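Labels run A, B, C, D, E and F following the written order; every chain starts at residue 1.
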């Protein structure tokens, strides 16, 4: 608490709803945002504003913010799948991690009819042959809250349904869609090769730079569509934006309202990736598309708003 | 006007839409808010903002703001009645006062099918055996505007329908629901006893601290549900909040939109009172519930936002 | 760009979303607003705000803003026509100019079933006997973008449909409704007389002070309804207001949403003109009505907000 | 008072000790500065600051401020006289006016040993053959305070010493030094010719643009040194600057301290006029010198501080 | 420290060198001012400013500030003595207290040749027949720093020179000048009578309202000059003003410079008391003089600066 | 100019006379400070303030600021010499560099009677056996302004007086006092050894970290007093502080006034180094003294002002 307050004493003049709005990241969750927000409120004499996002629902936070990165990733993947004339129903998805992001992705994936067949942790991987259930998804929150940081708990809790293998990654499980949801560089070249051998059809990076460059190269070389993190995981930051909008109007949108706006944003992002990533052979290079789309947006704004 | 301006010269740096937003109270109505707002606008160089509430509709005021306290009180009472498996239709309601609050309460009560059988003034009480009519409700505004401050006018205007008794309070009229809407300490222990003798089923305090402690004790001792002012009359301040919301988005909600949001707020308040006020015997102590709910809300925010 | 920036260095402390929000005017279009906004954003450290209107859609601009003046003018005219028990369908409209305003007016007029039979430019007038088509309306944008500033291009592009007469104004074309959409003083007394001889039924000034006083006098003397520019062309500024609203809530309304709100505003303006402009003989003097309505609005606010 | 306050409500955000500091001018004396300062203090919550100059001594005003323009003018004239190898002692000086400026000039002139032989008013001129005395100088303040605006009073008060001639200007009196101290354009070509015929040796303009262009031309043609108002009367504004300095340090300088700094400033101004006004024949064109010196100062600052 | 910081979080926007500058008082010494100043500096991002006075010399405090109240009181008393044609040399002075104020008064009294024959504490009085010495004055600081709060220590430390009497006040000691320097209401009517019986010639109140009304009445009835605290103890606040001046110029004055300015301020205060307090019989009523002088100063400023 | 302006657009809200006041450093001289100041003035609407130091004299710069580092270094050295019971007269001083710092040091050294026997440049060293003369010191400014960056010019200009040796440092010249005035790490261990062999008596580092650690170790091992840069070169920053003081009071001190205050500051710094650097054997370790003095100053302020 004291650390958050000391940090805010230096920061408060440089943030604000129309200026700059930080959100939490690794190690800064709702508790820390609460302390930061309390200090900001006192120093700036402003309340209920979007100077910070990821706030508690009681003082300006947005519904669906916790699920947003996972939901958004699945929306993006759904479009990748449709691009191939394929559909989400019945697809087998391997997720790494069992935290916030994996939890959100699993929730939405199940909602769309897909099967989540693997989650993982620092201790190993949990294979779930018949797909994760609602009870198992809810139990992910308990696992996270326990601070034990072990995915093996899932197998213990649901014997027969989930099978734990120590020391292995999620990528050993045969799947149609692979989604790294844990941390940087978690998917190496050999992991990519195993996924390809097992017939993976789509790879979507959800963690920031979760795939090593060699892994990406291997996936793309195999003509398997690869969605880069900068596009796939944009749902989190986008929903921070939606939180700012709600704060601006002093209102709270319902969960379906936020979800629908998030869905639209992910679709727009996907469309821009396609617009700039369509190759001569008709396939989409999502990496190229995302890079060019991002560059164009900034460049056009700079030209239009003048160079000071 | 000069007083309002001088007051604002000292106050303006300490209020604002995201900081603190005063509303009028006894002796400060729309006219004074107009002068205060004009001075604020000039000093702060800001217009159409929620730095003050209770503004005229022409520059940022909210529809339903005048009716809000009365509407909200009836919404709360409706829930108290339903809690008993009972319904509003046909209920006989005695209101004290004939001003803004009583007018709003009468309007909504009639809308929900209840009968308002008494209103009162400093000069006495007006009994209305068959229930107040739309014409009589409209006439309350004329009575208020006349500055004569006499409830006897109602009996004069509607002979046969309304019967005036000088020097008495509304609590002498036999009723199912008693709602003090006038001023502090207006309902004494002897009033409570008379109400109970006459078979009152619900008492809801609308004026701030309208019931004396001994009166509350008597009502609760008789197992008659008692709604405390801090919960029952929250609709006024809540609608000031809705006015700030509309100002934030530079929009005006329609009357039904405001009314619906007000209704939801009153329901939420009622639910919190029940959550914290349910006794071992299954009955609700609304006083206890409101106190605990209010305390918990502040305490949780303090803990979550840190202690500076 | 440098000029816009230098201008903003002096201006920025005196504008803001709740303070004063300039919009472009003659010679200040989207490009200049972009430069002004870029400078404002840097100096004030605020983004996405309504401190300026007429912004690009990408950073806070409103849909329908370009069409707003023209749409609004037609909405006003539609009410003038209905006032006479008449209807827009089939009405022949002569517009002067072929720029933003005329383009918007033509679009909405055609949508309501009217026929635009003349547009004009500095080089002359283009008669379109069968009424302007969607292709011709779209071509107006090309004409404007070409910077050739010649209305003759329309006749060249659509031979047989449009007939060009050099050196003449739109007012030589027989029409039911005349709408000057170009510049100040463009409609002189002799133009008014020719319109009246040709049986004009309604004249609505869209350009700022587009009709010379003697022309207005002649039109009113002939008992032909005349809508003054201060009311008829209010749609542009009104939609700047709607842009500020959207900025306040950090949202974008869809085109139909903006159009509907614009329509309501124009109807309200029309109603106020009628309220204050109804003459003893039952006809409407729109000039008088607009003047009184405007004066009353300011005067009432001054009285209500106090004199400092 | 109300006018000063209303003026300050609009101005206060745009002045300040380090920003812009207005001083009084025609019609704005100590009384008005007091009202302006009181309003500024309340609005800006700042006291004893140099946001305004010409304040009362009790809240930040400077000693010698009232005398400053007259003192400064005599300091400048003294240098003009010395430039010719001449001295002030015994010089006959004709002053126009009998207000603040003339009073200050007379005081300092007598202190330096010169004879003030004429003062004037709207009613005529008062010749004082043996030179003005301390009693007469003090009486000028009474004349001004009487609001009678008549210089004849001096002759009435001091019969034998001062001789009044109605309807004439000070320039009919034979003198060595002529100093217009009253108002714009007060010294015409024919006045200049009379002065030259009477053997005037120096002319120093103290009022703003007190000499008509033809008068200046005649004086310069006769090789009589002419000091332009922009340099000669700079002592007033300069002492406003000294008031700001004292406010900055929250101190009051003694009268001799202020006088000494004023003297130094006038010497510096004189030196710059000479530096830039020295002609090929060794004489000084003070008009040219003052113009060039002023231009160079601004131009050099602009170049050195960069062009934004 | 935490208390000072919490206090400043609320206060900082409302103080400043040109706005309002608090100083310490009972229970708020240099340590607390240090904490308050540290918090102010961090929150306001301003350093070395006069937003607070009584600061440590290392960051903007003034020399002589600790001694100022005592020095100023003696300067005032010196004028009271001279008014009677008398002189300070050899005068016997009884002081109450042995803290900051008494220490400053003793220092300056001895410097002017007077004899301090009594100091006192909560435990009793210390008589010093031959007058306090420099060593004894220095020892007062040790006594204060010891926190033992006993004046008896002086007698223990300097046996033979100082004689302690328990439970008595300083007013039992025969003296020419009595100066209460401790706390409110410390000098009662019976004390005044004893002083008068012992031949006291002057009484000067240094503590805030140190003399009870009946005591003042008795002293004035005996025609003994009485200096009221509002004038006599002004040296402390005045030197806070000098601290602000030094902060404004970012300079430190030497001790003699501060002492000289303090002396001039006390002389000015004394002169104003005399101007407004001279009675018909030629004597001075210092109470009346101080009251009228203070009132006139505020009233004149209010009139001159206008009524907003 | 554009670079300076762009830099200031980002910086201006974070500097100010009571907040933070940058000064120039390598590559940022008077020209750049002028551009920065011009941009600051425009953005902050403040002029003549101490938000930047090293300003031109025309708008708030201080006299002696250019000479300050060199003057201050010599003042420190003078105290080192006196500490040994020695005197400056006749001392032989070797300076490295020929820029601003060396020029200031040479000026003050000659004023105190010392002989500057070497200056140096990137091209080599210039030995001046009979000591530098006033003409040679003035010529250093020409050398610097020429941008040729060659010290050989001095030998060319003053043949017989100055002898150039290419590729060598100043430390080859036999001297009593060595003062590195050029750049970081310019004095290596072998240079120190040569200086010691040649009998150097004092070494004072003027450039920031001009001496390599091994060099300092060698000098201290030889019991030769070594003044560290953090103390010796403090005169530059100190005079920036004096510039801020002058800006605060809106005044300009004369050159002797600034020099005297600079001298006092250097003496205070020296005294603090001695206080904390006195060793058991009575000698002074200036490095230790400067480090401890600096630490204590910050630590004491932190404790006294509280930990937030």
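The working rule: a residue touches a chain if its C-beta (ideal position, glycine included) is under 8 Å from a C-beta of that chain, and two chains touch if they have at least 3 such contacts.
Just so we're clear, the structure is a prediction, and the values are computed from it rather than from any experiment.
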Touch-network distance, chain A to chain D, counted in steps: 2
Touching chain C and also chain F, the following chains: A, D
Repeated interface matching B-C, over half of the contact pairs identical, chosen among B-D, C-F or A-B: A-B
Copies chain B and chain A - interface residue numbers shared by over half, same or different: different
From chain E, the most remote chain by mean C-alpha position: C
Chain of greatest Cα-centre distance to chain D: A
Intercentroid distance (Cα basis), chain E paired with chain B, Å: 57
Centroid distance [mean C-alpha coordinates] between chain F and chain D, Å: 47
Length of the line joining the C-alpha centres of chain C and chain E, rounded to whole Å: 76
Whole-Å gap between the CA centroids of chain A and chain E: 69
Two or more partner chains touched - positions in chain C: 9, 13, 42, 45, 248-249, 308
Touching pairs among all chains present in the structure: A-B, A-C, A-E, A-F, B-C, B-D, B-E, C-D, C-F, D-E, D-F, E-F
Sites on chain F touched by chain A in the complex: 6, 9, 13, 308
Interface residues, chain D side, partner chain E - complex: 1, 4-5, 31, 34-35, 37-39, 41-42, 45-49, 56, 58-59, 248-251
Residue numbers on chain F that touch chain C, as the complex places them: 9, 13, 42-43, 45
Chain C partner contacts - residues on chain A that touch it in the complex: 16, 18-19, 244-245, 248-249, 300-301, 304-308
